[in-house]
Each structure stands twice: as C-alpha cells, then as structure tokens.
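For reference, the structure I am asking about is given below.
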Amino acid sequence: MDAIIENFFNVPIMVKMFPFLLSGFWWTIKLCLLVVPLGIVSGLAVAMLYATHIRVLKWLVIIYVDFFRSFPPLVLLVFVYYGLPLVGLELPALISVVVAFMLNTSSYYGEIFRAGIESIPRGQWEAARSTGLTWLQTMVHVVVPQAARNVAPDLTSNTLEVMKFTALASVVSFPELLRQAQLAQGLTYNPTPLIMAAGMYLVLLWPIVRLLSRMERRMLAVR
Amino acid sequence: MPGTRGAVTPGPPILDVRGLRKSFGPLEVLKGIDLLVDPQELVFVIGPSGSGKSTLLRCCNRLEEPSSGHVWVDGVDILARATDINAVRRTIGMVFQSFNLYPHMTALGNVTLALRKVAGFARPEAETRGHVALERVDLAEKAAAYPNELSGGQQQRVAIARALALEPKIMLFDEPTSALDPELVGSVLAVMRNMRASGMTMVVVSHEMRFAREAADRVIFMDHGEIVEEGPPERIFGAPEEGRTRAFLASVFDR
Amino acid sequence: MQKVLDNFFNIEVMAKYLPNILDGFVLTVYLAVSVVATGIVLGLALAILRAFQIKPVNFLIVIFVDLFRALPPLVIMMIFYFAFPYVGLTMSGFVAAWSCLALVLAAFAEEIYWAGILSVHKGQWEAARSTGLTHLETLIHVVLPQALRLAIAPLTNRAIAISKGTALASVVAVQEILAHAATAQAFSANTSPLTMGAIAYLILFAPLVTASRWVEARYAWKR
C-alpha cells in the first residue's frame, strides 16, 4: 500500500511537477482545438464530395477514406514526421501532427457525415430544390443540419477518439501532456507524473464519455 | 396536337408542355404529353397509379429530367441550357404528398428559407412575407411551431405557405391530401379553394373527385403515360367518352 | 522524382529489411488476434454480469468502462509498462500492450453488448419468464441472440480500430511492424522501410476496412 502511495500518488512530486504537466495539458487542449474542427470541416467536405453522386468523385472519396482508415494514426504520424524530412520536407512537429491527424480524422468524420447525409429522405432534397435552392444551399441549410443531428452520437464518439489520439504526439516529442509526464517521470525517477497525467486526461475526457453514454441511451429510447 | 385550352382567360399560357416524354430505363412513363394551362386556371389530373401523373408534374420543374419534349413556364423554356433553373423554380410552387417540411426548422423557418436564400430578402423582410403566407393558410399563430408539433393537415398547409411565399406563377400539387387522415383533408382543400378564388394558376394531381367536380376548370384523365381524355368536370364525370375513363371512374366511385 | 523513389521505394533497402517487416507482421497479427479474442469475450462477460442488475457490481463495471473509454490507450499502456514495475508488477511489453488493448476493447464491447441488450423489447423478457425460463436462460436463449445481431456492426468497427492500436506497442518495445520499420529507417537513413511498414498495414487492414462497409450495410441498425 505504501509503495503505491509512494510511487503513484506522491504528493511532493505532484506539487513540484504540476506546473510542468499543466503546460502539457494546455498543449493537449490546443491540439484538440486545432485537430477536431479541422477534422470536422474536412470530413464534411469529403462527405459532400461523395454526395455529389458524380461517379468519379464517389470512387475517389471511397479510396481516400478506406486508404487512410487502413493505417494506424501513429503510423501516419511517424511517416510524416520521420519520413518526409528525408526528401527535404522538414515539418515542425505541430504541423506533422496536424497533417497526419487530418488525413486520418477526415476519413472517419467523412464516413460519419456520409451516413448522416444518406439518412435524409429524398423528399427533403426535392422540397428544397423545388423552391429554387441550389444543391449547395440545400446541402448547407436543409440536409447537413439534420444529418449532423442524426449522427450526433457517432460524431461525439469520434471526437473522443480524436482527442485521445493527441497523446500519440508524444511519440514525435511534441510537448503535450503525455510527453511532459514521461519527461517528469524521468526527472523524478517516480511514475507519479504518469498517474497525474491520466487524471488530467480524465478531467478532459470523462465528461465526454458521460455525454456519449447519455446520447446513446437516448438514441435507443427513440428507436 | 396541342392540348385544348381552358376558357378562363385569353392570353399566353402559364404552362406550355409539348411532346413531353420520359423514360426510366426501358420503361416509358410519359409518351408525348401536350398540355396548356392558362392563367388562373385550375387543372385537375386524374388517373390510376402508375399512369405518369406525378412524373408529369415533376417534369414541369425539372425534379425529373424529361427525356424529350419542351416545357415553357410563363414563356421561359425551362429545359434550355441558358435557363437558371433555380430562378425559374421560384416561380413554380410545388406541394408534395408527404409534405417534406424541414423538421429542424419552425413553420416560419420553413417558409422563409427560400425567401432569404433564393429571393434574397433580408431576414426581417423575409419574416414579414413569411407571416403573410402563413396567414393565407390560416396558420399565423403556428409560426414558431416545429413540424412535429403540427397535425398532418397543418403541416401540409405550412408546405403550401412555403411555396406561396415565393409568389409563384403556378402551383403544382402532387396528391396533397393522400397522406392525410380523412378529417384533416378539409382544411387543406379549403386553403386550395381560397387560392383559386384569389386567382392562382394550379395543376392538381389528386383523387379528391368531389373537389375536382366542384373546383376544377378542366379535368385531364391520364393512363399509361398518355392523356386519354380531357374536358370540363361536368363532362368528364358526367359523360366520359372513352372506355378507359369510364372504367377508371367506376372503380373510383365504387369505393 | 528520382530522389523520392530512392527514399520511399528503394528496392535495395526494401529487400534488406523485408524479413524484419515480415517478423513484425506476424507479431502484429498475433497481438491483434489475442487482443480481439480476449476483448470481445471479456466484454460479453461483463455485459452478462451487468444484466443481473446487482448495484455495486454494476457501479464497478460502469467505472471500469468509463475509465478505459476515456483514457488514451497509449497512456494506459505506459502506466502498465513503466509505472507498474514500481509497485512490483513487472510485465513484458507484449503483455502490457495485449492487456491494455484487450481491456480497452472489453470496455467498448461491454457498452455495445449492453446497448444491444437494452434494445431488446421488454415483452421478450416477460414472454420468456412467463414460460418458466430463469433470468439467465432468458438472457442466453432469448435476449442475447437478438442483442448480438445488433452488436455485430459496431463491434466489427471497434475491433478493427483497436487492432490498429497494436502500432502503439512499438512504444513499449514490442517488435511489431512499426517498431521494425522505424528501427530500419533509422539504420538505413531511408524512408523505404516505413513505406514497407505502411504497405504491410494496408495489406492487413484495407480488406478489413472494406469488409466492415459490407458488414455495416448487412447488419445496419434499423433506425
């Protein structure tokens, strides 16, 4: 028991390392604020390309989506960060992380939005087009708002996954929460910072897990 | 052969359809339709299901792309390449069997969307016009209600207001009362009656024969993608000339 | 162009490191299969346990599920591998990766099964119990078969996603595909091993991702 407290919940180390970890926590939040909106916007773009029902575009979208869904995000990240510099494309860690994640998350968000858009009955399109709205106006004002509502649990679930992915940035030495915790562990020869980092992740992510459970329950109720 | 004209108003027709054909794959559902609709005329289209009535309506605003033929709406060739179809659609109101209201918008939101995005009115002006349109269908007090808070009849009236608000030259009704419980049909027909009284040009696909008899200027009977017979309601209902028309009417009134 | 070819598709380098990548491929498959087998069985066990509605047990299950859904898998893996030894619990990188990913999958799977169980109509329980079946018999013979059908599509997607998490094991010194590829890349100062690694993942996951599309269409939740 003492060993657990000494090594996992060591208060002096917690106090000492808190500012250091907090700097990582802010970076994690900033990464989320960058990666999630970019993923949503690019995913929506991917889904809209699919919905044009232009055969070539449709196939390109399916290939793009399945291609990038086939790689672990960490592999994409390592490829972008370590691979591209060798051909003279040296990207800062932040850009590498954002690019690698966008390839991955746009595919996932794209799939979700595609399903949502397809769930909207044809009558909605016809009604909107019969009043003179263009394809794009119909998409933006009539279809996407309903589609997003229909797939809200899936969107939330994917957002949770994307936020968790940000921990991967530690592998390319990006100073986010997990990276800072590892450094702190090295400095103190004590794993308390890792446990602290887990606690901070919970502060950020547990509310989303709860929200998700509520949404999934509600979806069941209306089925 | 151009369609016979109703005798309501002289002058150029609002809707002019010539030689309209439409195929879905090997299936030809419209086999050369000619139809003229004059200003302020109410034309009723009847016929068995699968006769091509709905497709005819949907070709008139290019929700379906005709395979061949011509359609002019208020003098505009809607099939011409140079025509801005979205601008033309604003002048052709359409009402659907399944209402197709936008469930994520209020009644007023449904009515004002195209006013803002197609007609280009600023929000306050669009809302003023939206309220006027809702008043015309007797639903002024439901402006803030969402579709799922309205009865079927009320939803259909909002859908009519959505089309009316754009001040169309002609209104197309695709079985507007078929999805309604019997007790709710009356309110929708009442609105249509008012529209006719105020001079709206209308083409109605419907099974409401009593309404046709009382309100239509002209009844068109379609079967197998062709216009079989047309004329004033008294004649079509009272003394149909074609065997197919008689058989259809008998089957309808038997029910 | 030549530079790109030399760096990303260098035949010489590829030939040299192909055996390593193959070793990694085998280990990745082995790890993924272990994780999926353990995870979906453990998840089912938890869902069945939860169906008995014992308050304290359910509370613990919900805590477990929330915790493993909320924390990034890499954080959990690091705690298993780097922190647990401090309290006398030492495990190999493989065990750390396997247990971490299996527990994460179990948490997600439990939620999926549970949602399936909840969606079975109450009348099914009542009908079965009225014929004299016990609670457990009703669950196994009547409710679960219906629930499992609903669980297939989301479970497939989740299992694939977590199998891709095997790439994380490279961080805890498991010699799977990514670890071999990254090491070879560092040795050869050439990106080709990473390209090979990426292709290996593509061979492994592209068929699964494509198949999941089919599964989704076949076993779609009827909303």
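In this document, chain identifiers A, B and C correspond to the written order of the chains, with residue numbering beginning at 1 in each.
FYI, contacts are C-beta pairs under 8 Å (C-beta built on N, C-alpha and C of every residue); 3 or more make two chains touch, one makes a residue touch a chain.
Please read these numbers as outputs of a predicted model, since none were measured by experiment.
Chains making contact with subunit A as well as with subunit C: none in this assembly. With every chain reduced to the mean of its CA atoms, the largest distance from subunit A is reached by B. When each chain is reduced to the mean of its CA atoms, the one lying nearest the mean of all protein CA atoms is A.
Per-chain Cα centroids separate subunit A from subunit C by 18 Å. In whole angstrom, the spacing between the mean C-alpha positions of subunit A and subunit B is 47. Centre to centre, using the average C-alpha position, subunit B and subunit C are separated by 55 Å.
Looking at the complex, you find that subunit A touches subunit B at residues 121, 123-124, 126-134, 137, 141-142, 145-146, 149. Put simply, subunit B touches subunit A in their complex at residues 61, 63, 86-90, 92-94, 96, 98, 100-104, 113-114, 117-118, 159, 162-163, 166. On the side of subunit A, the complex with subunit C involves touching residues 3-4, 7-8, 66-67, 69-75, 78-79, 82-84, 86-88, 119, 150, 160-161, 164-168, 170-171, 178, 182, 185, 190-191, 194-195, 197-198, 201-202, 205-206, 208-210, 212-213, 216-217, 220, 223.
Chain contact summary for the complex, subunit C toward subunit A: residues 3-4, 7-8, 66-67, 69-76, 78-79, 82-83, 86-88, 111, 115, 118-119, 161, 164-168, 170-171, 178, 181-182, 185, 189-191, 194-195, 197-198, 201-202, 204-206, 208-210, 213, 221-223.
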